[in-house]
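Input: a single structure, listed below in structure tokens.
Labels run A, B and C following the written order; every chain starts at residue 1.
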Amino acid sequence: MEEKNMNYIKKLREVKPLVHNITNYVTVNDVANAILAIGGSPIMSDEITEVAQMTSTSNALNINIGTLNQVKIASMFEAGKASNACKHITVLDPVGAGATDLRTNTCKELLEQIHFDAIKGNISEIKTLMAGTGHTKGVDASVEDQKNSHDLIDDIKAFAKELNTIIIVTGPIDYVTDGNKCYMINNGCKEMSAITGTGCMLSGILGCFLTVENSVDSAAAAVMSMGIAGEIGASKLKEGEGNATLRTYLIDALFNMTDEELEKSGKYEVQ
Amino acid sequence: MEEKNMNYIKKLREVKPLVHNITNYVTVNDVANAILAIGGSPIMSDEITEVAQMTSTSNALNINIGTLNQVKIASMFEAGKASNACKHITVLDPVGAGATDLRTNTCKELLEQIHFDAIKGNISEIKTLMAGTGHTKGVDASVEDQKNSHDLIDDIKAFAKELNTIIIVTGPIDYVTDGNKCYMINNGCKEMSAITGTGCMLSGILGCFLTVENSVDSAAAAVMSMGIAGEIGASKLKEGEGNATLRTYLIDALFNMTDEELEKSGKYEVQ
Amino acid sequence: MEEKNMNYIKKLREVKPLVHNITNYVTVNDVANAILAIGGSPIMSDEITEVAQMTSTSNALNINIGTLNQVKIASMFEAGKASNACKHITVLDPVGAGATDLRTNTCKELLEQIHFDAIKGNISEIKTLMAGTGHTKGVDASVEDQKNSHDLIDDIKAFAKELNTIIIVTGPIDYVTDGNKCYMINNGCKEMSAITGTGCMLSGILGCFLTVENSVDSAAAAVMSMGIAGEIGASKLKEGEGNATLRTYLIDALFNMTDEELEKSGKYEVQ
């Protein structure tokens, strides 16, 4: 990073931000343990009659549409508006946007009604969101999308500026931009794609990092933390071990992550 | 197996089948990681307004009634019909059929309206399904059921033929039949019963194997994969380790499973 | 303990109690594996049209309001009444009572309509329940609550007597009282707070222990089991390991827990 002395994680562990998650039931346990590992405190609630109150007493709200349903969608809007009213950190993980009309349309409406401080998705999901506002046409197959993601940097930056948000595009290279500055992060490893939930965990810890400092630099630190944790986990894998052990190692590595580790192992360029 | 060169897993990892799961929230994370471990790709959705679209773009649908509710049941029918219309692989895991009227009746109606390529349950669950169509009277206690499962082979074969499906009865010996051929598989170990979710994981990977080849042989390979993974996991347990470590080892073993391992360690007779 | 030869766990593994859990989707898998580890059998169901039947055929009911919603709340009342009618063990885990009005009010109504054999919460949650019946005024911040929990013993004992229940207050010291006897248990360790679900797992195994013997001594044994399992887990942690590994070690330690271990490692006073 440009500033040489990062202290996001140190501060995070002092603040111990409370992150309210409206998330999917597939990876929710890993999200909770990842938030605890990095030093935050997780709370999960998706019942419409309590989400506004829960959000108001939290530091951040993480909306993940992984297993959305009609009931949860209503709660997402309710909680999102409460979070905006409190000026709390609000994060969107548009899981599977583009895969079904319901997911695409829900994201589109969330973007219209809620201000998000950060939006994290893979290139296909982010392209879907951009298409909704006229930036791209259609959603390509994700292999194609990944190949071309570098060409889309200007579009993504413009989109971030338009929404006044930080956009994180995950992939072999992760892009993190607030519309002005753009980090291209080269941490992480292919083994991570064999675990469910790395993306969901990232959204959860993003809520923690942004509570400490709402900036593109802080978001980039969150992305690097997850990538480096994956690298550490994969490097520890012994013969006969696989994705279940990697999941354990990865969360353990988040638990042991430090600002010094980020400075030492973060691989990125800023554009 | 009869054919000496199995290549289900090799093909599976080339095809990387996308399996849509409408499943319970208890074991859903393990199901996702098991599908990833064997080489497939999991997607979970149970919202009625998107399941048909999700199923249509997947390769297989896995319906597991573990934590069913009125909302999910409607989605199961919706998705099942879409899967049938697309001629996709469709799997049923009738968790707890016989334990409550709701589960028994839901399964009965699913069998009436949806064609399943495979149905996997323990002997009590399968007997419950057969009773619904008049093959057995009542549902015995499960200890009794297990003792007598071998005597039921002819009934189960007839049931498989009637439904034009593959039936997998899990237990100390696993039976896999399409009504003609019947595998009796002697893999797996008692330690596996101390982990929740081995049955649910099996349904998930069944969806993967049957996408590669919709046959009783392929289903038997899926069953052996899970059993051998359990054996490998149990053999690695050290003093002081228990069911949580076994779960990790088992999924890791699925991750490292190969067709060669199946040929070497598969223990079965065909009748 | 006073009686020198504890045999709760031995009996538990003979009885293999079936515990019906209406619980949250965050920690549900850990609850299931913890119940299996200690020797019970878990079943999860929250659909109103089947919960009464499921409860009736189980040995215990564990109601955990961690991710409550309107639909689940109705099922909690339905199942609770069925459990009371069958005179089955009924346990309440009032997760987050005091955090939202919905949680506080739901607990208050549950206490009015259902008899619980045991209620387990942290000091803030238990104070919230007591406030509802006039024993305390308001709910202090949880740091303050923890400092003062010892001063509340008399109130908690009176509350237990009033409700004819066993109350377990978890914290640095755990209090377990039936209104007459009060255990102050000094097992467990700070590392456990970095894992989600230790409290939920405890409620699950409480259902198992109380099925064996519905007494304050048996409840205390359940609390010690969890605390000792955490200590064993933490003692095994090596450099680079963290909360994910601790979770695995803790459940493994429950799997290997014995009455002898409880007698040897249980640290408590009785007042």
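The rule is short, and it goes like this: a residue touches a chain if its C-beta (ideal position, glycine included) is under 8 Å from a C-beta of that chain, and two chains touch if they have at least 3 such contacts.
For reference, the UniProt names are A, B, C = Hydroxyethylthiazole kinase.
Note that the structure is predicted; figures quoted are calculated from it, not measured.
Colleague: Under the over-half criterion for shared residue numbers, do copies chain A and chain C use the same patch or different patches to meet?
Modeller: The interface of chain A with chain C is built from mostly unshared positions.
Colleague: If chain A and chain B share one sequence, what is the angle of the rotation that overlays their CA atoms, in steps of 5 degrees?
Modeller: In degrees, rounded to 5: 120.
Colleague: Find the geometric centre of each of chain A and chain C from their Cα atoms only, then give the gap between the two centres in Å, rounded to an integer.
Modeller: For chain A versus chain C, the centre distance works out to 33 Å.
Colleague: Taking each residue of chain B in turn, which ones touch at least two of the other chains?
Modeller: 25, 29, 247-248
Colleague: Which chain B residues qualify as touching chain C in the complex?
Modeller: Against chain C, chain B makes touches at 24-27, 29-30, 66-70, 96, 99-103, 194-197, 240-245, 247-248.
Colleague: Using the touch definition from the top, list the residues of chain B that touch chain A in their complex.
Modeller: 25, 28-29, 32-33, 36-37, 42-47, 49-50, 53-54, 57, 71, 232, 236, 247-256
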